[in-house]
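Next up: some structures, all given as structure tokens.
Two complexes are shown next, each including chain A; its partner changes from chain B in the first to chain C in the second.
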Partner chain A sequence: MRANKSMQWMFLAAALQVLPSLAIAQQGEIHVGKVTGHADAGKQLYYRFCWGCHGFRGDGNGENGPYLNILPRNFVAATFKCRSTPTGTLPTDEDLYDSVGRGFTNSNMPAWISLTKQQRADMVAFIKTFSPRWKTDKSGDPINVPAEPAVTLDSIKHGKELFTKLECWKCHGQEGRGDGPSASTLTDSNDQPIRPYNFAAGSRFKCGTTNHDLYKIFMTGLDGTPMPSFADVIKPEDAWDLVHYLRTLQVTHKSPELALWMTTKEGAEIVKAQKIVGTPTGADIEQ
Partner chain B sequence: MRTKQAFMAGVAILAAATMTSAVPGGGTVSGRVTYEGTPAKQKPIDMSKEPSCAKQYATPPPTETVVTGPNNALENVVVYISAGAPDEPPPSQAAVLAQKGCRYLPHVLAFQVNQELKITNEDQTSHNIHPLAKINREWNKSQPPGTPPFSEKYDKMEFIPVKCNVHPWMHGTFAVLKNSHYSISGNDGGFTLPNLPPGKYTVTAFHESYGDQTQEVSIADSETKNVNFVFKAKPY
Partner chain C sequence: MFHWASSSMKRRMPWLASLLVCGFLVLAFLLIDSHSASALPIPAGKVYAIPAFARKYGMPCSACHEAWPKLNNFGQLFKDNGYQMGNDRDAPIFQQPAYWPVSFRMTPQWHRVSVDRADINDPATGSMTEGRLTTHGFDLSGMDILTGGTLAKNISFLLVPAAESDAVFGFESANVRFSNLLKSSWLNIKVGKFELDNMISEKRIMTLSDFGGYQIYHYQPVTELVTPPTTLPFTFGLGDNQIGAELSGHSKNSYTRYSAALLSSNDGSVGVPNGHGYDTYLTFSQAFAAGSLGLQRVGAFAYIGRAPTYLTTSSLLADGFGQKSFYRAGFFGLWYLKKLDVMTMYTRGGDNVFLGTGTPSFSPLPAGAQGPTWNAGFIETHVTVNPQFILVNRYELIRMSRQALPVTPGVFEPGVSVPSANFGDIDALVFGYRYYPFMSSRAGFAFHNEYSVVRQRGVAPVSGRDLTNNSLFIGFDFIF
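Here is the complex of A and B:
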């Protein structure tokens, strides 16, 4: 009888130990390709590398926060700029994983390529524990990005028309320098001033470097910023034309689009006209 | 045959009678929303950066953060039953927000959880609709001129400030509410919440600049209770 009771106790104790860890394993796991990230491992990394800016509670109020111009992401609000998913939806695990590895140009977020893939996946699993949204909402379905058509002059010219028609220039400026009429008034969703992207500076985009990334940026929008989603108003084939034109605005960045655009009189004149005396635009810089 | 018809008609009348009496009670809460003190002076909006909108006005329209009427009436206050009434399924018709003359019409739009919200652009310029939701999901969509209306819905109660980033003077409010018992005060500050079954209710008044106030009300049978709200106006 006595032995029986102690057996029961042992069983209960074992069950109590196993059950919560099972629950945590299910909640705190993410999958990126073949890598499975674990929140418990990510927690160690977070409180070593991330919390100084993103805060003890993941709310973006780390001790470095006040000194940063672009505020660290608030993981509790769970609004993310770089997504493959429609505006207003949560990003995929892969989106977050890519952001950790890529870092954010023009901000203080470095590319964490010094960490292993496993470690980055673990971090993503952990930052997802900060917001209850991950329990109530599902990640959005990634938008469909059709295959990129060939770069042609017609495509670039049509893209230019769209840039005017969709009024991208209101914020990004006629020459894509981030100096449109509304640029100085822009604030993000935390009422912090924010600048539109300056194409002429030629730096990487907020959410990547490729044409594919550029396509996703204006189709999904950068949530939490003034950059809206154009998914409902641009057809996929038109979107690629816009991508091709936007590349020509990166006058300091060598691209097939810019090279082709420069072969035309119109293109060459426009790119040359962008040169402001005393300011290197790159149009005359050896690439 | 004739008796049968008469009988059917009688049944129909009876059914109609029971249906109308089945409509929950006839109690009403009504009253006025006013302010005391000096409200902030509303300045004319400078739309010179958007000529297609500016030319629609003979004189520039004022901002709408505080809109007042005669006898200290406070307009654009959402008065709603915040407790005591059950949550209701959304109505089938959509709540419509129009963007016209670079302003939101109406400035304050109230609708129910999961009700269709339809957004139209009647201007010759691109707007982006950016409701700064905190409880619901935040989204931000561009709507160039001539594009068809789009629809959205919210699944949680929230008061959401709405803005257009392209035209920084454009501000509005979405009031996403759990039931159909709401009213927005008009130019005389008046509101009416009809069809309230007998019971105890919490009535809340929300103003985008002055916050909210609540009052408790008990409704018996089909009486009409008068409830007034007074907001303290701030000059800045």
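Here is the complex of A and C:
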């Protein structure tokens, strides 16, 4: 009887030791599809690949931070631009995982597609250890993205009207060159000057390449930047019209929207006028 | 005299490194003796790691290098993309005008080299004897000037003027690359002098001592190196940079890679000696993820070349004629088991009988002559304790499977016979470590300790017994 009692105490003591460690392990884990990322493995990767820009403490103060004109992400603040979740909420693990693999074409952040899926998931798990927000807040629920309607001239023209009505032009400019009247006054949450996206330059969107990605950008907003969420302002079908119009502003990027827009006299003239000016990078210019 | 086929913590770590240094030195001095010295030729290693890229992109060395100069897959992808990350920072227009894509590398060192059965000319008696020769002292490596980067989007270059330790300059690399042709990563063309697309790169070798190089990349049967004096020597090294054009391609993440190169048949020499001949080099490799272990890669390669057997001279132009074929082919694997990674390679080599015996193509072959063939392989392990500390070990062997000349026991007579079936076989062992006291995106610095030993069968110049060389190397490898 006494032996049984002792055994019970031993089991209890063992359980008390094991349970907290299990809880800690779960805190340091993330799940992306079938892959489970582990923070301890991600830590080694972070201090191999990331600290030069994002810093030893993940606060964006790496040794190269002062030399970058788009500051590295501050993981301690846990404010992320590219999300599938509503503005002000934390992104999902998939959002962070996608960002690591996609990179940000207009910044120093490369696409880490050379790392395995496991390694990228491990990295995300470790990145989430920098901010206490991940312990107190949950990730937001991804927004619903309805099926994209067919591209029509009407949708493009309606999108053009929305572009004016929603005052997108104030920052992005009438031709989408990122040179609107407010452009020079914009700053991000770090009080750093920030440039609106230049559609005419033809470079990839910050948070993806597809229409679906573009839809998400202005329905979730880019937290930490002046780009707000329009989720409460426009209906989903209107948002798709805006997507279709924005594609026509990418005059150096072939798309069905641009091709359709060019069939109209108005569209052809606008595109022709925009192309002459060229792009800041000099890439893909058709003179 | 035979010429060997050699080429060239975190903050908590210093105490461990110091301990290892002491241990290493004790072990090394136990392994070697300390006979008196005389000079031996010391080939300099050429190691590619370019902090200019780190400065441009603001990344630490460890981002592209497992431990510099060894590339990891991210660095491989960067190289495969034509020194481009794929973002706006690639274009030169985004760089500060003062940015100059140049890096310098050199390695002040103390080293000790010993040969156990050297042919020693006794000046007192004028007779030739056999004995141990040892040399040691402070020394310098050669110097590499590494310049590379993008000229414009998808047009990149690499220029590496390199000096031997006596400051004789040459162009180790000089090429221009056109990347992502037709907007496809599968279509890239490089023209100029470049390293062959070897995934186990001799230019990024982790060992630096005199006998710590990859024997496999430079091996030639002794019958080609020691030939009758009238013969045009045949020299080739798979590790040597070659001149030509290379078509290459890769998947978006560089897991799948191929290359096909057309090269001048002159082992990378400039001025087109041995002209009008072309070689071909083909490679393919495939990587695959293995869960938490890391990225594994397997691949194959084949070099099919031609080399002249005699030289014609004229007042107008010299050229090599009587070209005969040779090949090197094999496969390799890069295996990652978390912090342990293992590189394995197998190579089969074969030379035409005229090349193998040093016989001009217009001359009759020696009796019983055959084209020499051999098998070679190595296993190299690295334990990357962390990006600042790596242990290196390699065992390499080369076995002749067919001698060019008939075997006459105990007798090596160039152009006539070899003393044994295993004449020229090589066993090589090297181990050491590199400690990087700091890691930054500005410069690289490594404390490098290494010991290597190579034994080759039957090639002692006087007695024809086995010849063993060893080398101890302690150096400060810096690049900025």
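Just a few scattered comments:
The rule we apply is simple: the second predicted complex is superposed on the first by the 253 of 287 C-alpha atoms of A that agree within 3 Å, B and C clash if a C-alpha of one lies under 4 Å from a C-alpha of the other, contacts with A are read in each partner's own complex, and residues count from 1 in each chain.
Methods note: a contact is a pair of C-beta atoms (placed from the backbone, for glycine too) under 8 Å apart; a residue touches a chain by one contact, two chains touch by 3 or more.
In this text, all values refer to a predicted model and were calculated from it rather than measured experimentally.
Partners chain B and chain C fit side by side in the overlay (superposition on chain A). When the two structures are aligned on the shared chain, A:G202 is found in touch with neither chain B nor chain C. In the superposition on chain A, contact is made by A:T185 with chain B only, not with chain C.
Of the two partner chains placed by superposition, only chain B is touched by A:E167; chain C is not. Of the two partner chains placed by the overlay, neither chain B nor chain C lies in contact with A:P142.
Legend: residue contacts after superposition of the two complexes on their common chain; A:P236 is shown touching neither chain B nor chain C. Rounded to the nearest 10, the angle at the Cα centre of chain A between the centres of chain B and chain C is 140 degrees. Shortest separation of chain B and chain C in the overlay equals 25 Å (C-alpha atoms, whole Å).
Comparing the two complexes, no residue of chain A contacts chain B in one case and chain C in the other.
Looking at the complex, you find that chain B touches chain A at residues 49, 125-126, 128-130, 132, 134, 137-144, 147, 150, 165-168. In the complex of the two chains, the chain A residues touching chain B come out as 77, 79, 86-89, 137, 165-167, 170-171, 181-182, 185-186, 189, 221, 223-233.
Interface of chain A with chain C (complex): residues 38, 41, 44, 47-49, 51-53, 62-64, 67-68, 103-119, 122, 203, 281-283. Of all residues in chain C, only 57-60, 62-63, 73-74, 76-77, 85-89, 91, 93, 153, 252-254, 289, 291-292, 294-295, 386-387, 440-441 touch chain A in the complex they form.
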